[in-house]
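Naming follows writing order (A, B, C and D), and every chain is counted from residue 1.
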Amino acid sequence: MEAKPEAVLEGAGGKAIEGRSLGRIAWMRLKRDKAAIIGAFVVLFLTLVAIFAERPFGGLIALFGDSPNIPNNDLIDPLTSAPIGAWGGISLEHPFGLEPVNGRDLFARILSGAQISLLVAFLATLLSVVVGSLMGVLAGFFGGWVDTVISRLMDVFLAFPLLLFAIAIVGALPDRALGLSGNGLRIAVIVFIIGFFSWPYIARIVRGQTLSLREREFVDAARSLGAGNGYIIFREMLPNLVAPILVYATLLIPTNILFEAALSFLGVGVNEPQASWGGMLTRAVDYYQIAPHFMIVPGLAIFITVMAFNLLGDGLRDALDPRAR
Amino acid sequence: MTSPAPEAFLELRDLRIHFPTEDGLVKSVDGLSYKLERGKTLGIVGESGSGKSVTSLGILGLHKGGRAKISGEIWLDGEELVGASADHVRTLRGKKMAMIFQDPLSAMHPYYSVGAQIVEAYRIHHKVSKAVARKHAIDMLGRVGIPQPDRRVDDFPHQFSGGMRQRAMIAMALSCDPELLIADEPTTALDVTVQAQILDLMTDLQREFNSALIIITHDLGVVAELSDDILVMYGGKCVEYGSAEDIFYRPEHPYTWGLLGSMPRLDREPTERLLPIKGTPPSLINVPSGCAFNPRCVYADRTEGKSTSQVPELLETEGGHLVRCHLPRTERRSIWDNEIKPMMEST
Amino acid sequence: MPGSDPPGHPGRTIVVAFIVRRVIAAVLMLAVVSMATFAIFFLIPRALGQTPEGMASRYVGRDATPEAIQGAVKRLHLDDPLIVQYGRFAKGIVAGEDYSLGPKKAECPAPCFGFSFNNNQPVWPTLVDRLPATLSLALGAAVLWLVTGVSIGVVSALKRGSVLDRAAMTVALAGVSLPIYFTGLVSLSVFAYTLGIFPGGGSYTPITENPVMWFQALVLPWITLAFLYAALYARLTRAGMLETMGEDYIRTARAKGLKESTVVTKHALRATLTPILTIFGLDLGLLLGGAVLTESTFSIQGVGKLVIDAIRGNDLPVVLGVTLFAAFFIVLANLIVDILYAVVDPRVRLS
Amino acid sequence: MRKTNALALAALGTVLTMGLAACGGTAGGGGNTSSGNNATGDAASAAKHNDAYTKVVNPSDAKGGTLKYALSDEPDSMDPGNTYYAWNWNFSRLYSRPLMTYTAQPGEAGLKLVPDLAEAPGEVSADGKTWTYKLKKGIKYDDGTEVKAADVKYAIARSNFTDELTDGPKYFAQYLDSGDYKGPYKDKDLNNFKGVETPDDYTVVFKLKAPFSEFDFLAANPQSAPVPQAKDTGVDYEKAVVSTGPYKFESHEVGKQLNLVRNTNWDPATDSVRKQLPDRIEVQFKQNAEDIDNRLIAGQIQVDLAGTGLQSAGRAKIVNDAKLKDSTDNPFTPFNRYAMISTKVKPFDNIDCRKAVQYATDKVATQAPWGGPLGGEIGTTAMTPTTVGYKAFDLYPNGADHKGDLAKAKEALAACGQPNGFEANVAVRGDRTKEVQVAEALQASLDRVGIKLTIKKYPSGDWSAQYAGKPDFVHKNNLGIMIAGWGADWPSGFGFLSQIVDGRFIKASGNYNMMELNDPSVNELLDKGIQTTDATARNEIWAQVDQKVMESAAFMPFVYEKTLIFRPSNLTNVYVHPAWGMYDYTWLGVKQ
């Protein structure tokens, strides 16, 4: 038969639908997935908020009032350290209330923390995608000892108690390195650690996909036409790997947001006074009985962001790989 | 819909199996009717997606409780199955009717031994002890030609070779002496010599049990010698039905011609295709208007435009030979006799 | 080639060889992890300019004289080359080590992870002492999440698209999106401090002392930890179950005339649960090395809290010890899972 | 610092007028132990906030019951010779008796030293370099054997001259004339330890390198409590300390639980300071801090051992509940919380830049992290109000409300040649939330005059050994400001100041004079003071030192620390001992 099998999606009932491009089908499916669309909008919104939080001209934070690092001691009850007023001092000027002890504006700090969360998560994901894809393709494409070495390496990485390691390494950091210092260095190192320790997750997926792609006809065809390994990997394999990589990258971002928040929660995140959501929660531990809003506000910020990315990621996965639904 | 029970052992009347999906309604089987007697063999031929497997799963009632919308009638030995309760159909499955699936590696459970899977099939319908069932399983394995069945009975599917697995699959299907046996692409995964053995085995067993046999395949060659009747499916519909001789010597549908032309033959290079069918099978959601085959049909322009505007009906051309085509009968005969047949013989 | 194998059972020797191979791999893995850990904690600080005296200064008090620091350097052999120090560290784990703690040499029997900088106690007994708390937390939560997560996942898959499925999956998605320390704090705030149903943080009591208090104090941590994992497992199980239910062998089982309940329990569940159990083993192994976030949120004095306190106090031997200990559990879990998998899935044995 | 403790004292009058509404001066009822059980109940219901600061609350002689302590942390060691925690110097007296100790009375009277193991205060030789103590006869260990002078000598030797016992202070090693003695673990012959002599079983003679007029304070350190050489197990001695006090070890699981029971070999006739009321004393370590507060308020435990006061949630509860508030006391601790401004790091090597910091700081904001007024008084001097020699003064008045005098700060900046401000670093112990919050408040304060601070966090474990206490590191990393705190080891100006302001104490590592102040006039005054035997004259000198230190503008106090401590109603015989700023643990009883 001349019918091309790859152009036919055969579902559980033996149904086949017209051979439209995979991308268009995915897009149509995604558009129908309400949860994913909501997730996508929230992600877009949060990303814009993070980008425009402090720039240009002081950004959204300046637009709504207080700077994230300015204390308001006169709004704090000196005897209890809690903000004066109901619900942690929530008011028009301070829509999310105030931090206990120093009275910093939580709205501004949440926005400022959003930058850190998203920046770290995006960059770390990028790093693990680059490293993971490369390793996965190499392992899957060359097989043999290359595969063995890379697979063992992944095993070793997965055998490390990650969180402990990350904390210990960040804690042992010098003050200045690689021409960076302060929070710049801190962010770079956190990105590096998160990205570097999560590449095996991407690599595993990519390796599996590469293994199956390697057996496909078009690779043989390219090879029979005399194409080199490099050409096959970059021109034939990678385009076919984009979809799974995109899906797992989207699903890795929320994991990385949680990872960054956990590091900050354990006290090895960015340095104060730069706000971070996890860092705010650490502080909240001491005050959650007298100022519960201080725990709830950053907690919800993390939750909503992570949930939005998960919704989008799930939607993308379902759209691109209907069997996984 | 209560029509009188037919005399035939198996009869399908206007069977429709539709799947609502997010992308639209998929009409996998759309108005299919045929009859089959005990001891006879029916070959159902078509490309993947033509609805042939869906039909047989429908007969077994495996779509019940799922998302499929089923209408029409299925009469088996005087019982109507579409309207019957799922639980009743279940009691018939395996005993009255059984199925041999394609790709036995995935169709057998990887965690259970071959013997255990046959034992299970037997004990559903027979209240016997495990030991008795095991003995039966060994018997069955022996009968389908597996050497040392008493040792192999405890092996797992992945420890069998492809042909052995297919034999084990057959043993499992036959373990309760079914009266209707459906074989779905039973030999696709096998090499040619093993194919022949398996097909011989199935006809031998059919004769022994006097059961009705349906062989589903995309390869006309497989059914050529075994079948009494052949049904060609395209886009969920029957496009041609007749005796094996009708189909092989007097085919009248352009799609059947294409299938015949792409049949591998020993005297031809295996990769060579004489009469390629251009294009891809039709979408079952957006079925082409008019004749579902028209986008791929070389002769569509000879129908005076009916091809794209009207759905052709399945009409009898002569004694039991049915064809669904807009081309006038005479023109079909002349195309076959003058254009196709000589081309196939010349090579 | 499966077909070319001799008929019959895989030989006992093959299974034994498989296990031996995995055990050797696990031991090698631990050796590599221990080296990497040691390098990170000793090589990196030294590369960043840490001196033996600097390390020793952590062992001496606030009023350390240079002589006292030199004494500590000598006593702890901190001036040896790192490779010698690693050798001694490795030997201590395998064979034990003697340390001077006063008038007499004190013996630190194997496995000796050295002495805490902070309280001069040997690390290993401290670890062992902390293990029951972590064990209680991890095992209790594991039972909870395995039962709830898997059953919700299975039911969701079977009732795919129903209100129940949608509700369960929404909650599960929320569950995997919530930071555990946040859910922990909220549950403490609501159930311990507002409603007073359960005791607050830090009330863990060993089961040997008071089983009732042990249980009460662990209810909130169990639920908090199990919520996250149950959400994860419900999603995994549902996806796995859906995939399995679409497998050809499920269709075969139905075609035999099996009851749907038998199809689900005997055929589908077994195939779905095998990979879930693998992940379960690894997750449990990871948790036994210290449920860091949960333990710190609820102030449970387990292995995870120990290491967090040690990291904050720069107590290297403890950090090193716990990290290795945790890695040991992960490797052990891997090993057990590998072997169990071979038992459960007959296809693995010969490959 | 990390573990210090100490004592307080003299200007208690001042303190009381600042901290309390009523009852100035010294306490009454300190020795009044005759009231019966009826009176106890009345006293309990009548007790007001801060009552235990001035008198004994719930006085009772009723014996029996189990007194329960909890600690959120883990002690360095329960060995009296190997600990630097203030609470432990208080608590360890339950099972160990140093040569001297503090009078059991609230208020100023409590700071007077009385002989404990010794018969009388030390006799100093004419040259001031020899101090002689006579031991009381008949004092026994819990096993019934008698305490000998050699055991005191051995205790000093092990706690000050070994590499193994590292946690306590090393004052004896610093002041005793002991040559290059290697300590009893390396040198088994105690006769080679020349710094202490024992001419007979009841006489201990200390030989000093130089005159030291406050030696009695050193003799009050638990390191002088006797240890029988045969029972010493080094670091592990804390597992089974041999007792001389009213209680002895029943069991001790390190880091978890310590149980004490009555020591029948303790003779109250020989002891003027301790009581022996409860049958048992139980201590739980590593408890959750908030949980401790809850259990205290519920009366399930009686004392938070660390004496550092309630957590924020507990504090909020107290503030909003007048009845609960009556069960609390708000004493000064011996701690001053301050910033040291380096005299070596640019641009702070210029005194005007340091003054700019002093003027610009909003001390209300830096007070907030400590818990506002309940957590500390805004400070303006190096010495704390409870230190002997304290005099109040303020060289850098930063506004009537202490929120900063920005005009003066800008003047100072101009004088420094940095009219637009500058960038600098502030170092802080990263794992101490309150100190980090102080650094943040300071950052926001100084930002107002253009001084841009970057916060540098370092782990507290290595803080003095590796970071702020290492001048090399400070210079290399431009740590201009360091957030720190100090509590004296004994409540005198010398005890408080010598370690942190004496230029000759600047060490290459483990340095506490982080500002690197090396003012010859300060150094000379310290020398002069410690050789002055007349207490009044001596205290006058300490006040002068304080003045000089503050003139350097390198020392910027934030608060004189206070705590809000809770006394459950079933705790009897409670008063705040001024030496520790916490309840006198040797007196407490429990109502059954």
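Keep in mind that, in the parts below, contacts are C-beta pairs under 8 Å (C-beta built on N, C-alpha and C of every residue); 3 or more make two chains touch, one makes a residue touch a chain.
Worth saying up front: this structure is predicted, and the values here are computed from it rather than measured.
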{"item": "Identifier of the chain whose CA centre is least distant from the whole-structure CA centre", "value": "C"}
{"item": "Chain whose mean Cα position lies farthest from subunit C", "value": "B"}
{"item": "Inter-chain centre distance, subunit C versus subunit D - centres from mean C-alpha coordinates, in Å", "value": "41"}
{"item": "Between subunit C and subunit A, distance of the C-alpha-averaged centres to the nearest whole Å", "value": "24"}
{"item": "Whole-Å gap between the CA centroids of subunit A and subunit B", "value": "50"}
{"item": "Subunit B and subunit C, separation of their C-alpha mean positions in angstrom", "value": "53"}
{"item": "Contacts with two or more other chains, residues of subunit C listed in rising order", "value": "193, 312, 314"}
{"item": "Overlap residues in subunit D, where contacts from two or more other chains coincide", "value": "290, 313, 431, 459"}
{"item": "Interface hub residues of subunit A, defined as touching at least two other chains", "value": "171, 267, 289"}
{"item": "Parts of subunit A lying in touch with subunit C, wherever the complex brings them together", "value": "12, 155-156, 158-161, 163-165, 167-169, 171-172, 174, 254, 258, 261-262, 265-267, 278, 281, 284-285, 288-289, 292, 295-296, 299, 302-303, 306-307, 310-311, 314, 323-325"}
{"item": "In the complex, subunit B residues that touch subunit C", "value": "57, 60, 62, 65, 90-95, 98-99, 101, 103, 106-111, 113, 120-121, 124-125, 148, 151-152, 154-156, 158-162, 164, 172"}
{"item": "Residue ranges of subunit C in contact with subunit D within the complex", "value": "53-54, 57-65, 68, 71-72, 75, 100-104, 106, 117-121, 126, 129, 193, 199-203, 299, 301, 312-315"}
{"item": "Contacting residues of subunit C [partner subunit A, same complex]", "value": "29, 32-33, 36, 40-41, 44-45, 48, 173-174, 176-179, 181-182, 185-186, 188-189, 193, 239, 242-243, 246, 282, 286, 289-290, 292-293, 296-297, 307-308, 311-312, 314, 319, 322-323, 326-327, 330-331, 334"}
{"item": "Partner subunit D, residues of subunit A touching it in the complex", "value": "69-71, 73, 76-82, 100-102, 171, 175, 182, 267, 271-273, 282-283, 286-287, 289-290"}
